[in-house]
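So, here's a batch of structures to check.
Both of the next two complexes hold subunit A, though its partner changes from subunit B to subunit C.
Moving on, here comes the complex of A and B:
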């Protein structure tokens, strides 16, 4: 194959190198952290778009790390799903990096922040591109550990407590994942994911595989915060600085949790009917429980965090239904949620930046003082609540259509109930924060600086016109490539195995 | 491509025309009413977007396209309500969007079910019989969306709140005219074209309609805020439209659709006149209003015409359409069954109570004695500006034309072409003679009135035993309490008390249930790490059990 494969390791090397350089020079050169942070994420985003183009050309690309041939060496695979995830993650990362330049100024040692940020990004990109299951675990831990540190970044009492809980529970999930990988390795004697799939296809079904799937559902379910494995999220996500909250809720849980479930169940060990129904049930429970809990919150970011649980439910539900249409809806919702949830968290960050609080009982009337933050948050609200014509409406519509088409009427009903709950929760947040009269004590606040507004406006624009991604021409390039990987998983196998 | 997505037929063209008409009127009115408010560019932008989305929804021929435009209207409604500056405005905006947006979400499920049944989103290709549970569920889900938009019970509660808290032009625009047109248009669409109705479903519609008429008008009787009272009537009148469509015979359906149009006209007229009162008097509290007839004579006349029209007094338009609905119901009775008497009773009783309620309203605002504050301000004639007066006057004129020339103008031009079947109209009401007689009676009445005024009356301050009351001497009869006594009658007392606790408000009840769940779940999330770890393990055990059982 061509030299095009050389683009694949870039997604891991660039953020890791960026993190390394910032940690060396950032303490002395104040501008270096901002500069490298934005530059590398911008580069990564462009590379991700380029990767999307390559996928449309070559369908699948495999890179052998260190020229060791798989299955002995580590393979990195670029296919439709990978490219889709890379675009999503790096787009959000770029917006967050731009936003952080200003936002992180009221924290000390910005260079530490950007080091950890890029480290986390490197870990996520690694999880996405790798074709080796143990390597996946390693990258997963890199991203997770960086995120523990970032949750604790403010080093206040509750932030440390949240980080501790998060670390402990996340490690529990990792432990089960590792156990699953070990069992899988013992059973198949290989770590390359395509190879595992091939061996499993030969050996046929076994109880070991069932055990492994349970371990993976639990481990990755914990990473993607499905109820009842979700309890770390509402503490961890609000405690981090706003850009990191956006990163965690926007993309981290998706690349560490959802993507891995998609990849491993979709392409490697396969979805049995029992697992599919378990995923659907978990999805429905997450949607509804997350929705109810979100309504009860008075901390803006905590409300958003609970609604992330609810939205993850939609994505997993779509995957559990398992028809091409539902997977399309599910992936589309994943993208949309990345965009509007980071938008909302960045909006909450802007509120905190301007007012110093995110307690909704102390806020009010900010629309008059911060119109950009207000309107972008409203747009995010409408998108997440599934109000047309914003992007979230389309993905929810597809998921509901797919559920009904597959005869899953009750999941469709729950999806709708959760949608109403989301609407109620977010309208509460908007009412208390942005509408009404300006609260006493908040008369003097001003709109956030330009770089922060830039990220907010860009994300709001993307989520406003996100429905256009369903136009057939664009859908074929972006979404259908990813859906194809899930629905024709044999192709993945054959293509990767060719390189062995 | 575009032909598949949009389609113009007589029905949609007629509704679309009037949607545009009301938008223009409201825009003109807003020049006067909204003057001096901040963010007017956004306001007019939202108004324009509302018109565009309404037209999109009206002319949509694809259910998904329809739902997109329809749902976007909810968002615009939310943004427009926020222009109000009452204390509860943002709470009301939230409530409205939750009810409207929430029912829109359920409509999605209905759309999905239709797709499951027919494999198509094309509205003109659909003809679904209500013979299986999916079809019935799909119809109900879509009807719920239409009910919430139009404001039929039990999805009506956002309308009175909004009437009170939103700017008056917005109330006149959305719930009073545009949302009614849309909601009833869509109800008509699904009941006449997309689904083949059966008797049970018609019965359901008529039940909803009758209940809405009576219950909402009972609530209206005891209100003491001008706009909130009008809001309850906006709900009550929806009942007639639903009832008319529910009769299932051409006459009743034509009556229902005609009533939709008439209602939009007279209710906008009432709200716009009410807005003029609000602008001049600075309040909508009926206790503080009174005696405005001398101050705002033109507004009084437009309001009076609107009131008579909504109460179904001939020869105004409200009567013409109600008359058709009554006939539709009687037509139903020819097929046997006793329920039609109930529907007819509800419709006529509701009409009578509407009249009663508007007697109170007209008296409290325009007649009677002015409140003390007003009396001090003087009784100089002060009408609102021409931009605010003109729309109300125009609508009042429409009330008369559509009533007196009901058959010649609106029915033949708009309503009958909208229906595919011919309408047999037995009891054509000869408006010519009646109008002449009514005019004669008015002249006669005027003569008697002026003869009566020959006798001199003297006005003075309130006094007791020869001493003037210095403080709080508001001894007049404002008329607000006219019907308060019905709240003390037997079973009604109980119902009013429950209504006072908002037990019939689907939003409040839903909120209570939701907060119950939320409280339970929050109680479980106690923040203790070992608990959370136990959940994880229990969850995993459950999955083990399911996989290995």
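Moving on, here comes the complex of A and C:
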């Protein structure tokens, strides 16, 4: 293996080092938090693009931490799905870091924010690169605990309440995951994910695996806010500062919930027909219930949070259908949702920054005062509701087509219904916030500073041209590598086990 | 208990016992920490015991005495330092080609000076854990609930 493999631990080292350096010096040196926050996320994004190039060259790379060979030591694995997730997470993180430089001046201790932000990013990157199931749990907890503190960052009554609720629910989810890992370890005597899959293939099915699957669906379902487990999300996501709402809705629930479901069910335990239909049902319920609940909201960020639940439903539905086309749609929707949902949350943050409220009953006509925020939010709206030619249209189209192709007509119908519900909810949000006449009391509003506009415009551009990722040449580089990992999971096993 | 007594801590019996035992508890923590690689224990357990010696001081003498020995800023500094030392040792492993590689000579098994980087990692962990647990305790002690109002800090 080449020296290029040394890039894999970088994704954990850089954010953790950044976090502790900010924590040690940020109180005195005011510029350090901004500087290190933006620099490390920018570096991570470039490294993620480089990792994508490596994946196209070598297909799969395995790193043994401390030169201990897996399955005894911890393995870090870089394959198509990992590179795809790393690019998504670090792209959104970079945009949010740039945005936070100005936005977080509202709050008194920006260095604490950037410390927790980078810790959370380190946890997410760790979840994505690790090839060891207990290591995955540890990184999951790092990211989750950092996010509890970030939800409570404003330390007002409702924020503390939301953070407490979130901490309780999320810890319950972690407990299910830990129990699942313990049972799996007891059954297979190994913690390396590829090795677990190999042992399971040898030992055959067992009721313990059924129990473990259920525990993982509950645990990771709680993390990714599928509908029966969603109650924490509409409180936690709007209560956090806007950049963190964008981070939580944009990438945290995906890397902690969706990615882990993809990896563990796709590559380790395997998707049985029962699990696939459970995931499809959960996906459909999430889509429709999330959509209906979103329409009734009057708080801008709360509406966006409910629609996140709805969009998670699409991703899980795509995975549950299980054909290569639906997995492609599902992963593409994951990327698109990361981009446009963080765009929308940052837009809501810009509205709150300029006007001081996010109650839609008090807003209106902001398009005339804040053209950049207005336009980018409308682009995000059109993308999330599936208006062509924006990226969200293509990914929803693929999921619906794949559902029809696989003979799953009802999920396809529900997906279309949910899309209409999303459009309704977002038209309401846009009408009440940006269109119409300027409300009394909002005449003196001015557009947000340049750095915030920069993030909004970049994300809007990405979601506008996101459909281009489906052009065959580009699709092979980015999306198909990730789909390949899910559809040919035997390759993952063989490649990782070669290093044992 | 009057307010004056609360400032100086608990009764004479508790304070005297604490004064006599605090040093031993600290020493025992350092022992557990430094022998982590040859006997049960290690950085986490050693760090917790070291933190407990300061917490004991705080329980017996009140928060002012303990915080004058180990101020909040110093606690926070040591916590971050622990994490950074751990990360630096892990990064130095790259000199041998691998992250977290044990790159120092391993020495004789079961001797105090053996096991390469493990004792150093234990030291870093004990700084992080000890300072962390003390900081959490201090946070609970200093926490004041002011109903409604008040923004950050």
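One rule holds in what follows: the second predicted complex is superposed on the first by the 500 of 500 C-alpha atoms of A that agree within 3 Å, B and C clash if a C-alpha of one lies under 4 Å from a C-alpha of the other, contacts with A are read in each partner's own complex, and residues count from 1 in each chain.
Here, a residue touches a chain if its C-beta (ideal position, glycine included) is under 8 Å from a C-beta of that chain, and two chains touch if they have at least 3 such contacts.
The structure presented is a predicted model; accordingly, all values stated were derived computationally and were not measured.
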Greater subunit A contact set [subunit C / subunit B]: B
First, second, both or neither for A:108, with subunit B first and subunit C second: second
Which superposed partner A:66 touches (first subunit B, second subunit C, both, neither): second
Which of subunit B and subunit C A:397 touches, first, second, both or neither: first
Touched partner set for A:413, first subunit B, second subunit C, both or neither: first
Shared subunit A contacts, counted only where both subunit B and subunit C touch the same residue: none
For the subunit A and subunit C complex, residues of the former touching the latter: 6, 9, 13, 16-17, 20-21, 23-24, 63-67, 107-109, 153-157
Residues on subunit B engaged by subunit A in the complex (per definition of touch): 64, 67-72, 74-75, 78-79, 82, 89-91, 93-94, 97-98, 101-102, 104-106, 108-109, 111-113, 115-116, 511, 514-515, 517-519, 521-522, 525, 527, 529, 531-533, 535-536, 538-540, 543-544, 546-548
Subunit B partner contacts - residues on subunit A that touch it in the complex: 164-165, 168-169, 172-173, 176, 207, 210, 213-214, 217-218, 221-222, 228-229, 231-232, 234-235, 272, 274-275, 277-278, 289, 292-293, 295-296, 367, 378, 382, 385-389, 393, 396-397, 400-401, 403-405, 412-413, 416, 419-421, 423-424, 427-428, 430-431, 435-436
Touching residues (chain side subunit C, partner subunit A) in the complex: 76-77, 80-81, 83-84, 87, 90-91, 93-94, 96-102, 148, 150-153
